[in-house]
Amino acid sequence: MAKYLKKLSKMAGQAPGTLVHIGDKKTDKVRITIFDYNAEHYTEREAGNVEECFPFKRTPTVTWINIDGLHDISTLEKIGSEFELHPLVLEDIANTAKRPAIEIFDSYIFLLFKMIYYDNETDKLSMEQVSLVLGKNFVLSFQEQAGDVFGPIRDRIRKGKGKLRKMGPDYLAYALLDAVVDNYFIVLEKFGDDIEKVEDELSETPGQDTLKWIHECKRNTIVLRRAVWPLRDVINSLVRGESALVKKTTEIYLRDVYDHAIQVMDTVESFRDIISGLVDLYLSSISNRMNEVMKTLTIFASIFIPLTFIAGVYGMNFEYMPELGWRWGYYAALGIMAVVAVGLLFFFKRKKWF
Amino acid sequence: MAKYLKKLSKMAGQAPGTLVHIGDKKTDKVRITIFDYNAEHYTEREAGNVEECFPFKRTPTVTWINIDGLHDISTLEKIGSEFELHPLVLEDIANTAKRPAIEIFDSYIFLLFKMIYYDNETDKLSMEQVSLVLGKNFVLSFQEQAGDVFGPIRDRIRKGKGKLRKMGPDYLAYALLDAVVDNYFIVLEKFGDDIEKVEDELSETPGQDTLKWIHECKRNTIVLRRAVWPLRDVINSLVRGESALVKKTTEIYLRDVYDHAIQVMDTVESFRDIISGLVDLYLSSISNRMNEVMKTLTIFASIFIPLTFIAGVYGMNFEYMPELGWRWGYYAALGIMAVVAVGLLFFFKRKKWF
Amino acid sequence: MAKYLKKLSKMAGQAPGTLVHIGDKKTDKVRITIFDYNAEHYTEREAGNVEECFPFKRTPTVTWINIDGLHDISTLEKIGSEFELHPLVLEDIANTAKRPAIEIFDSYIFLLFKMIYYDNETDKLSMEQVSLVLGKNFVLSFQEQAGDVFGPIRDRIRKGKGKLRKMGPDYLAYALLDAVVDNYFIVLEKFGDDIEKVEDELSETPGQDTLKWIHECKRNTIVLRRAVWPLRDVINSLVRGESALVKKTTEIYLRDVYDHAIQVMDTVESFRDIISGLVDLYLSSISNRMNEVMKTLTIFASIFIPLTFIAGVYGMNFEYMPELGWRWGYYAALGIMAVVAVGLLFFFKRKKWF
Amino acid sequence: MAKYLKKLSKMAGQAPGTLVHIGDKKTDKVRITIFDYNAEHYTEREAGNVEECFPFKRTPTVTWINIDGLHDISTLEKIGSEFELHPLVLEDIANTAKRPAIEIFDSYIFLLFKMIYYDNETDKLSMEQVSLVLGKNFVLSFQEQAGDVFGPIRDRIRKGKGKLRKMGPDYLAYALLDAVVDNYFIVLEKFGDDIEKVEDELSETPGQDTLKWIHECKRNTIVLRRAVWPLRDVINSLVRGESALVKKTTEIYLRDVYDHAIQVMDTVESFRDIISGLVDLYLSSISNRMNEVMKTLTIFASIFIPLTFIAGVYGMNFEYMPELGWRWGYYAALGIMAVVAVGLLFFFKRKKWF
Amino acid sequence: MAKYLKKLSKMAGQAPGTLVHIGDKKTDKVRITIFDYNAEHYTEREAGNVEECFPFKRTPTVTWINIDGLHDISTLEKIGSEFELHPLVLEDIANTAKRPAIEIFDSYIFLLFKMIYYDNETDKLSMEQVSLVLGKNFVLSFQEQAGDVFGPIRDRIRKGKGKLRKMGPDYLAYALLDAVVDNYFIVLEKFGDDIEKVEDELSETPGQDTLKWIHECKRNTIVLRRAVWPLRDVINSLVRGESALVKKTTEIYLRDVYDHAIQVMDTVESFRDIISGLVDLYLSSISNRMNEVMKTLTIFASIFIPLTFIAGVYGMNFEYMPELGWRWGYYAALGIMAVVAVGLLFFFKRKKWF
């Protein structure tokens, strides 16, 4: 959290539209890949420099330019001026601490959202920011680093499976968005596994670590909510069809993504509910175990206390204590002690104290 | 929960409209039953294959085609192309992890909701997804497996009771929806019984199991809410009369189902309130019992402590301890001990400590 | 709660509009009373059978037909067909488990709400359902049993006090609604008394019963909310003047009832707040008392522990223990014990431990 | 609370518009004061009877008639019929248990709100109801008793300071409302002082009283919320300019009062947050103190337990116990005891147990 | 909090528009600085008295007049009459206890918001009120004292960097607002660091101070919310473009600030969530530590209790106790004690009690 804020405070005092890369430099080289396609054919190419992309802008085919790596400000600036992007849009692309947002311009739509990865080793969530610019016949996508969830989409373009190749750039933008939202379900699944693990732990041997773990889960839900809540509004703005760039036929697909986003939110909220129940369960479990120990020990002590008293009585040094002289006095005393002990055990048992 | 997410994550990376059956294969054979009726006569038939249904599409009578079993993708595809369903609709039908939704098309309305069963043995809720397609003169219903809550509706068609036979397919869709929502009340009743059982347990012998049980109840309310909350919006969309497929005269009936859905929600919310009160009651009850035990034992110990001290005093070996030589010294000591014990008992009693 | 759900689940599987009396049969005989009045004269009559009411339908005077007892389905059906009520309206009248609702038809308005009684003996709330049908020149009221809060209204009709006799049936409906809402205040008052009693108990001798009592209060607020929340919407629909059956001049009166309903809600919400504060107070009070006991006993024990140790030391059997031979050794030992005891008492006192 | 409900339940069963004074009779004599002014001159007079006010109704100057004391029904009725007030308005004026409300009529606006006083001695809040009737050229104000927060306004009329004398009756109504809302800040200030006192107590010596005090604070916030929440809506209705009686130029002033009301609400909500934090702090502080005591005593006991055991060993009466015959055996035993005691103390210290 | 209320209650009883400086006098001298610029040139000047500013009002260039120090009422009044500000606006400028607000007039827009500083030494937040008046060709800004977050904006004017010099006064107002909101991120960052520090403390040695610290954090979030929540509405009013003073081209920038404000709110809400989780963690950690101590001590005592009992038995003075005469009786007794002690230790270990 602190790290994320550190990024944002870096921005303070800058003129709006100043391009500052905010975030970790996650990759060394900026990598630009281009897909250009229509229903009949497609080209795939890795661009050596940013200028190679520009000719595609003027072709009637759908062009998808993907940029991995945001730290090279000059690349962003060149793309910005070629595609006539608003300075604030460029600022947002470079600032990886933004929350999901949408900005609809006359000639393009700017979309910003988060990819979420679940780190299997640390059980922590990590975020990567994705920005999309949807123009008349192109889609620009900006990512912080190589590696994404768009592999199946690239395959669909290559193989011409489904309707992707037959549809316009708005459908491509939808497909990218859909891939990101679908990926949330994978994260949620892992998350759900974790919660089940905690539940198992709770019924066995909960420790101080379990609570820290629950606390970690809580923070993860907070991260997820920050990524998904605003996304809902973003998709909703797209669905409402305020821009001619989104065709009527694509709207039903967007509504589908919207439903998925809602479902993610729903699940996150359910997780919150369940986790808060787990805290109760944990606290009660810990206190029950503790109580069990204390109760057992106290009962144990309570049985010896009267016995020790009896021993104390016959340890007194009075001259006239008839019992002391009895032949079987000692055994009688031991017998009485046994009776008392058994009697107390029986009494406690009947009271259901153990 | 994890299982439910496993299903959803299966979907990730698929092209939209790809038909993948998501969910457990709950039945082996796909079973198709057809009801075809108007006010005068009705036909009931079990179809051997999906093509048998198609002729009914063109008859002016109301046709209800019910499909049990969603794992046979080819059946779905055939129905989809015959009835001109949108690929996303087919995807939703096959994906049993969807939340309740409605999609209004020009020529048909697609409805998706959940049947809930209460498993009497495990006290768990199970869901089955039901999808309805309401067309001009037909209703398609898709279920995961045989066995449903539509028995009384079939009877009403057969016997011509009520107005069902006189009304159109929109009324049939309403009747199916109504049957599902009415069924929620049966689940709620069982649920209410469970809560009462917990309340009884709480006033008798609450244990760690009781809390787990309460936790289970909580999760069940979460499941119920996920099924019913969106249903409300679904019915509301129908009621608002946005489609010509729903006739004016049916709207009042839909409003009635809507009222029932609200009532289900209300009850679920009340259950949540009551359950959260039960957690308090449980924790307080556990801690009260524990306190009772500890208090009793501590009082018990406190009475013996001064007695043992007195015994210890007269167990000292000083040469000059006049009491030791007294004739009735021993009995005096015992007497003093008795007085102290009774005094303390009386004191604790007066303080209302037990 | 379970009982209330039992009623609702009875309804499942019935055709809509099927008349089933849902609820306890609270009275044996159906009792029908008729008031017919205008500004000049009034008639009051108890009808032997339901047909006696029908002539009044055609008179220009205001007619109030009150039916006590809902289990006689045939009576309801006759009224239904004479006054042309929708089958769902009749179903709602017979189903006493409905939540407050309003349905505005062209020729009549259907209102459903709850009378609440406070049972002084069990401190529980009981509900009775009241349904109103407001027509052009009549008001039908349906109750589960004889005995209601409409006495003063009958008196006002009889005596011609106020404007009731001069106004139409919409004003009568308002008056009945007003009587029910005013009655909520009486229930709230008793409820408030109860809460004060709990507060008194809390400062004296809280026990496990107190918590159960608080839990009972909580459930009562849940019952109240279920009755009043939807009523607000019901009245609001009336006020918005969507029906010509409600005259402009009556609207200000309805707004007044609306204000009262809000005030009831407000008070219920305040009660919820206060009750949840009481739970905190209770738990803290219980734990404070327990702590007090444990602390006192522990201090008590702590004083005797060193004394017993000293006695133990001089009970050792070493041959060379010079103190044992001293003339005043015994008294010195007792003295030291006294000093230790007083010293500890003083120390604990100064630490403010008791 | 109970008292407040007692008032309301008195109203039940009355015909609407029946004038019943609900509330405590807080003053014996009804006192009527009249201010009549325009920009040039002003008259101030105490009226002997209610009829003296009536001539002012017809003058073009602004007239402010203030009535202290609501128990004299006949006075209210005379004013009501002279100023043509709706019976429900008179009922609301007399019923001091109403929540803040507004009713806009064609010829006048009726406003009802609460003055809040902080009783310095009991630390409780008390409310007084104020009703305003704003007409074309007059303002009627009704209070339960003499003594209010309108002193500065009277001074401003007398001295002609500010714009009050130049403006119409709507501005006067605004000024009265403003005075009441400003007074809330004074109450809040005292309230804030109280909360600070509690915070100081919490860091010193929290007791059972502290919690009761916090509970009292909570109830006070509930009272405040009931007074201020609806006031917001009341002022908002005025601001929206639905009545010609409120001039355009006055609206900005009303918006200012509205801002103040929001600020009061904000502060009350902050208080709620802080108070709920104080409960946590209190509970933790109490439990920490208790833990401290128990821990110290337990450590104390734990040191003596092994010592007493050693003394017990050498108090055994075996014939062959070589240590007993040793010359320095006694001192060695004492030495061992000392070593054990110091060792344990050291051990506990190192474990940071005290 | 109390201090802040003290300010507000000072205002009570004043005529509206009365200029009273409410707040601490934070600076002695009122300091007025003037920037006057267009795309080509700029002037910067410190004004000796308020009249020096007036000529700039009539120039077509953009003029930014900044006033540090609000206690000099006469200065405010002169500016107010020269720039024709509404008396209530002047009152709001002088009253530093206002919450963020906006008032749109025909000829100017009045904006009020809060600068927040984080005091590194006391870890407390302090607020400074900033008021902006945005006119046709000027911006007035009022601050409580010298020192602000506008340094970079002054630099941008001086150096002509960015578009600031080319844009109108609405862009300047935006830039000032943006600087304030960006500054919130810096505060949030420090705040986030604090929370991390607490988390570290919690896993090491939580004390009573930790809780007080958490309580302090909570109060800080309350302060932040009070500053930011209303700001959102303020900016939103600006964005909605209700005034011709805000140009179309500036709107997208305002939307950007709006996004930032939302992000601040989001972060504050996340902090609230995290902090409330920390309270749980703290309480559980404290109680775990305490439990650990008590458990260890109780186990320790439980081992000695039976040993002492055995010693007591052989300390009895019966004449016939054969063991006492045995040659190895003493050692046998010691041996039994050792066996019992080791056995108990083993038993407790196996039960996982320590």
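Per-chain residue numbering starts at 1, and chain names A, B, C, D and E are given in the order in which the chains are listed.
By definition in this document, a residue touches a chain if its C-beta (ideal position, glycine included) is under 8 Å from a C-beta of that chain, and two chains touch if they have at least 3 such contacts.
Since the structure is predicted, the reported quantities are computational estimates derived from the model, not experimental observations.
Undergrad: Tell me which chains count as touching both subunit A and subunit B.
TA: Output, common partners of subunit A and subunit B: nil, no chain qualifies.
Undergrad: What's the call on subunit B versus subunit C, same or different interface residues, using the half cut on shared numbers?
TA: Different, since most residue numbers here occur in only one copy.
Undergrad: Based only on mean CA positions, could you tell me how far subunit C sits from subunit E in angstrom?
TA: 43
Undergrad: Subunit B to subunit C: how many Å between their CA centres?
TA: The answer is 26 Å.
Undergrad: Give me the residues of subunit C that touch two or more other chains.
TA: In subunit C, the residues touching two or more other chains are 287, 294, 298, 301, 305, 308, 312, 315-317, 321.
Undergrad: Determine the shape of the graph in which chains are vertices and touching pairs are edges (line, ring, star, complete, other).
TA: Graph shape here is a ring: one loop, exactly two partners per chain.
Undergrad: Using the touch rule from the top, order the ring's chains starting at subunit A and going via subunit E.
TA: So the chains, read around the ring from subunit A toward subunit E, go A, E, D, C, B.
Undergrad: Could you please specify the touching residues of subunit B with respect to subunit C in the complex?
TA: Spelled out, the residues of subunit B in touch with subunit C are 149, 151-152, 156, 161-164, 174-175, 178-179, 182-183, 185-186, 188-189, 192-193, 195-196, 203, 252-253, 255-256, 259, 262-263, 266-267, 270, 273-274, 277, 280-281, 284-285, 287-288, 291, 294-295, 298-299, 301-302, 305-306, 308-309, 312-313, 315-321, 351-353.
Undergrad: Which residues of subunit A touch subunit E in their complex?
TA: Touching subunit E: residues 1-2, 4-6, 8-9, 11-18, 86, 88, 98-99, 101, 103, 205, 208, 211-212, 215, 218-219, 222, 226, 279, 282-283, 286-287, 290, 293-294, 297-298, 300-301, 304-305, 307-308, 311-312, 314-317, 321, 323-330, 333-334, 337 of subunit A.
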